[in-house]
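Okay, so chain A shows up in both of these, paired with chain B first and chain C after.
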Partner chain A sequence: MAYAYEACGEPILSVRNLEVSLKTSVGELKATRGISFDICPGETFAIVGESGCGKSISSMALMGLLPRIATARADRCVFDGQEILNLSRRKLSNIRGNTLSMIFQDPMTSLNPVYTIGDQLTEVFLRHGKGNRKQARERAVFLLERVGIKNAAERLGAYPHQLSGGLRQRVVIAMAMMCRPKLIIADEPTTALDVTVQMRTLALLAELQREFGLAIILITHDLGVVASLSDRVAVMYAGQIVETAPTRQLFADPTHPYTQGLIQCIPSYEPPNPDAELHTIPGMVPSLIGKQRGCAFRNRCSLAVDACGEGDEIALRELGEGHAYRCLQPHDALVANWRLLQGESA
Partner chain B sequence: MSNAPAPLDNMDLPMPSPRQQSWMMAKHHVGLQIGALIVLVFTIWAVFAPFLAPADPYVQNLANRLAPMIWQDGGSWDHILGTDGFGRDLLSRLIWGTQVTMIVGFGAAFISGVVGTTLGMLGGYLGGKIDAAVIFLINVKLAMPGVLIALSLVSIFGGSLLSITIILSLLFWDRFAVVTRTATQQVRTREYIAAAECSGASKAWILFREILPNISNQIIVIGSLEMGIAILIEAALSFLGLGIQPPTPSWGILVSEARDTMFFKPHLIVIPGLAICILVIGINLLGDGIRDITEPQGRN
Partner chain C sequence: MLQYFVKRLGIALLVVLTVSVISFGLLRLSGDLAQNLAGEGATPAQVDEIRVLYGLDRSMIAQYFDWAGSALKGDLGRSLFSNDPVFELITHRLPVTFTLAVSSLLLAICVALPLGVFAAVYRNSWIDRAALGLAVFGSAVPSFWFALVLIYVFGVQFRLLPISGSTTWAHFIMPTVTLSTMVMPQIMRLTRGGMIDALDADYVKMAWAKGLNPMAVFFKHALRNALLPVVSLAAVSLGFLLGGSVIVESVFSVNGIGSLAYESIKRADFPVVQSILFVLSFVYVVLTLLSDLINARIDPRIRLH
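== the complex of A and B ==
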């Protein structure tokens, strides 16, 4: 089963049933409940969802950055032919920053203020024994130029506070690329940037990806970013992937009621009704503490029936071509619901 | 969306490098300049004491006891600040005393800084049981009456320069530990620490290359404070007769020796007292100034 996860023959990252739980004072919090996906070489896989749905913590689990109170387990979590979950720190150090690297959300705090960007760029390269100081410098200059920074050789001596936010994020991207990674996890890479800079940064990421053939896991809550950059999307809700599909397919045929709601929430500027109210999804995300039953979205769902609250979890239903959703309703009913919503907003 | 990113033009932001910035701030920082001047003068005294002191600080001349200062009646150029109760040249003893005082002050601040910073950073970064152990040690230290312990230790190990320095450093590490532990906890949550972990950095690298430079200015401030306090406590111990032992000319000893004559030769007690006071103020001004000009940029 689970055809929908398998997008290609030889995935660079293959995750099955990733569960992250946090010990809190009021009980065990299941941050993710069995996440599965494959990432093919050279593709962009977006994970979308609102705050607290578990998208960031699953990337932290992959990078081995979980806080002390969190534990992760998975049936399989293979990156580049190697099991990476709960790997020893030493073995993980050989992978992190090398073939697997990460771009953080806030470029203001993801560069150390006491070192020049040249120091920080070459450091990664030297740490993984990719060459000598001179080669590290050359690679740093090459990448800085590649990410669109003029006078790169001079800029190596600059400190982070001398650069603007957009430039810093470019430096962070260049830093992630220093060791020719196969996969970059980008955790909300543009959230902290101005909208004008956002698009340029995304375009840069897409271009670098084409040029160097790397895969990207893009974690975001912004469907606009998803639409412009990703090949495939997983929509997460309350620690589960509720729908996964190729990006085009997801926007053309959003199936899960939550996905439909999310897309509905994107403001439209087009006529015929520019004064229409902004859409929201009513209700709150349920507490993730303790055992969950049935569909986590049922309390906010207009299509919910009694059966939605039964059983451990709702099974994933295949629609073919890598499209699957986690809902009891048949596809026809959901499509009808989407038409209804569309008509309502028009 | 398909456009390649154009090179940005706002590259040459008119932001000075940290070194230029520190220098610019130092030029307008009066406190820093005064402090630096005071510390510099005393350091020169300490280093070049053998050349600067006009007389041997140990040679007694009982025929010339309690000689007046140069501007008082009967003063002479032989003894600019006069002589003490044993006829020793006060200026020479003051200059040699600078050496003892600064070695004790700097040594105690340095050793306690290394011990306290190491403990504080380990506790703050690693957390968990190690942090609990560090907190326990700090609490034990805070619960102990410091000066009493110092007195008893000095009476056991004697009042040599080395033992006084080590005993004083045992008194002061806790403040370094408390401050660096908190500062480390703050810095640890920054994304550049996670980014360093993500790029395969070891724990030792993160502690000493990523975190330490970012908390170094706090350490400098504590260090200057503790150096001042160490000098004061050394003087107090010497005054009580349990510090550096006479005839070694520490400033505390000078004050202590002048006790008998303080009512009719007050300058003998005032001058070393003033020296202690000025040096401690100078060190504190310097420490504050260095903190002001070395604040890492872009942290907030």
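== the complex of A and C ==
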């Protein structure tokens, strides 16, 4: 199966058929319908998709941070040799912030405004028994310097509101690194930042990853971010992974019609025709309430046939080298479609 | 921080000044003080004599500066009834009221904070409903009635506690419980509301993601952010308890400043009434200032404004 690009021995995280459902007043909402992937130590795995496709809620399920109305189940959800989905609260909290940590989207709100960043950095180190206060402080200073914050020792006494957004996100990154995690889940880590700061923050993450051998799950809606940072990608649509591939492969040979649409929507920097309109994918994301059948994308797809609406779900088709897609159309037809789209926009 | 303090102090002084002017004016508008002092059967000549004797014939402005001038020197005049210095009357009674008010507030906070926190954490659970029930009871039940029930049950039926006076600590138990029941509901509900907001905040999600234990998440990360309005309310409540415990003091015959105010108003002892108003408003302002400083201590963002 195309869960990992190449056999990496023991994956750091292995997920099979993760399903998250939400109880709402109008019925059960299936936020994800059987997500499966493996993450190898030291790699960056991007999950990309538009708002509401289930990418964030999957990561929340992995962290055990689902809202009360949500429940998660999976055939398998093994992190670092341990099943984590049904772990007791206490055992899960021993992993969180320790070997598995998280970077949230908005650094403006994810740091507690009433404590110094030094307090918030050392807290997680002390909680997981990594050493005494002095060692915690040294680690905090080391990491702050490493993420590019000058006068790190002085900055420990600063409050979050005294730092800019970019600096705060660096603090959040340093905080995620305090206990030498094996896997970091980064949920839209650059979305809330200025464009000028975004690339620098991504570059920093890539550097840290190489230096410390971390695995990263990068959750984003921005294919540009995917292209610049990730090794492998999963494209999600309406709660399903519709295509997964090594990043290069995905951009070279986008196969699923949704992936093709997404890539086409990236505005090019030098449009051949200045009057050309920006591309969009017509239609709306379907409601996820109630039982889902067939392909969720069929209503917006130009290649849809009647069979797309039949059966529980469309099977994943393998293309080799870790590339797989969830569509009834053969690869040739999809390649032809992509050429057609390319010709149209050229 | 110093700049913040100086600014607050300046505002506080202005408030004290304003209150003293208004209370002085209101007291003189409440009727002809000379007439009240002279009594019902007095002749106009006797009333005039009293007016001159107490300086009430002079202009209000002159009277105010006269009073304020000596008040600044610590001389609050003498009681018209007992001729005791007002300063002594107040300092004699204030500690009793102060003990009662502070212990009531502490009891209310000790109950309200944990209850508010757990009501927010376990929203819509039995804890939340029980806390709501207690809050409704506390705000709906009149204090004099609750006080009488306590006296009947613990004083008369079981004979566990003394029912009147203020000589031992046991005398303070029932008045404290009565007063704290009055201020507890608002503190509890405000804590609950603030906690509900804080628990949804990203920094609380982050605290969970760091693997912190629930008590650290609730009490360290969420509660401190929920506390700002609670501190302000607690200061106002303490002021209310200091000035508004008249009924409870009289039910339990506690000789506090509340009963002194009540007696003095009945006797038209205006120097005492005037001074009690002034002292209480002064205490109120000090409490507000204190709560501002505590809030600045809690939330670093306030210190900069």
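Quick note on the criterion: the second predicted complex is superposed on the first by the 337 of 346 C-alpha atoms of A that agree within 3 Å, B and C clash if a C-alpha of one lies under 4 Å from a C-alpha of the other, contacts with A are read in each partner's own complex, and residues count from 1 in each chain.
The working rule: contacts are C-beta pairs under 8 Å (C-beta built on N, C-alpha and C of every residue); 3 or more make two chains touch, one makes a residue touch a chain.
Quick caveat: nothing in here was measured; it's all calculated off a predicted structure.
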Chain A as common anchor, with chain B and chain C clashing or fitting: clash
Partner chain in contact with A:Asn98 - chain B first, chain C second, else both or neither: both
Contacts of A:Ser302 with chain B and chain C, given as first, second, both or neither: neither
Comparing the two partners chain B and chain C, which touches a greater set of residues in chain A: B
First, second, both or neither for A:Met63, with chain B first and chain C second: both
First, second, both or neither for A:Thr24, with chain B first and chain C second: neither
Which superposed partner A:Leu167 touches (first chain B, second chain C, both, neither): first
Partner chain(s) touched by A:Gln82 [first = chain B, second = chain C, both, neither]: neither
Touched partner set for A:Gln342, first chain B, second chain C, both or neither: neither
Chain A positions touched by chain B in one structure and by chain C in the second: 63-65, 89, 93-98, 101-102, 104, 106, 109-115, 123-124, 127-128, 159, 161, 172, 175
Touching residues (chain side chain A, partner chain C) in the complex: 63-65, 89, 93-98, 101-102, 104, 106, 109-115, 123-124, 127-128, 159, 161, 172, 175
Residue ranges of chain B touching chain A (in the complex, touch as defined): 1-11, 13, 15, 17-18, 127-128, 190-192, 194-203, 210, 213-214, 296-299
For the chain C and chain A complex, residues of the former touching the latter: 201-203, 205-214, 216, 221, 224-225, 298-301
In the complex, chain A residues that touch chain B: 63-65, 68, 89, 92-98, 101-102, 104-106, 108-115, 123-124, 127-128, 147-151, 155, 157-164, 166-167, 172, 175, 199-204, 207, 228
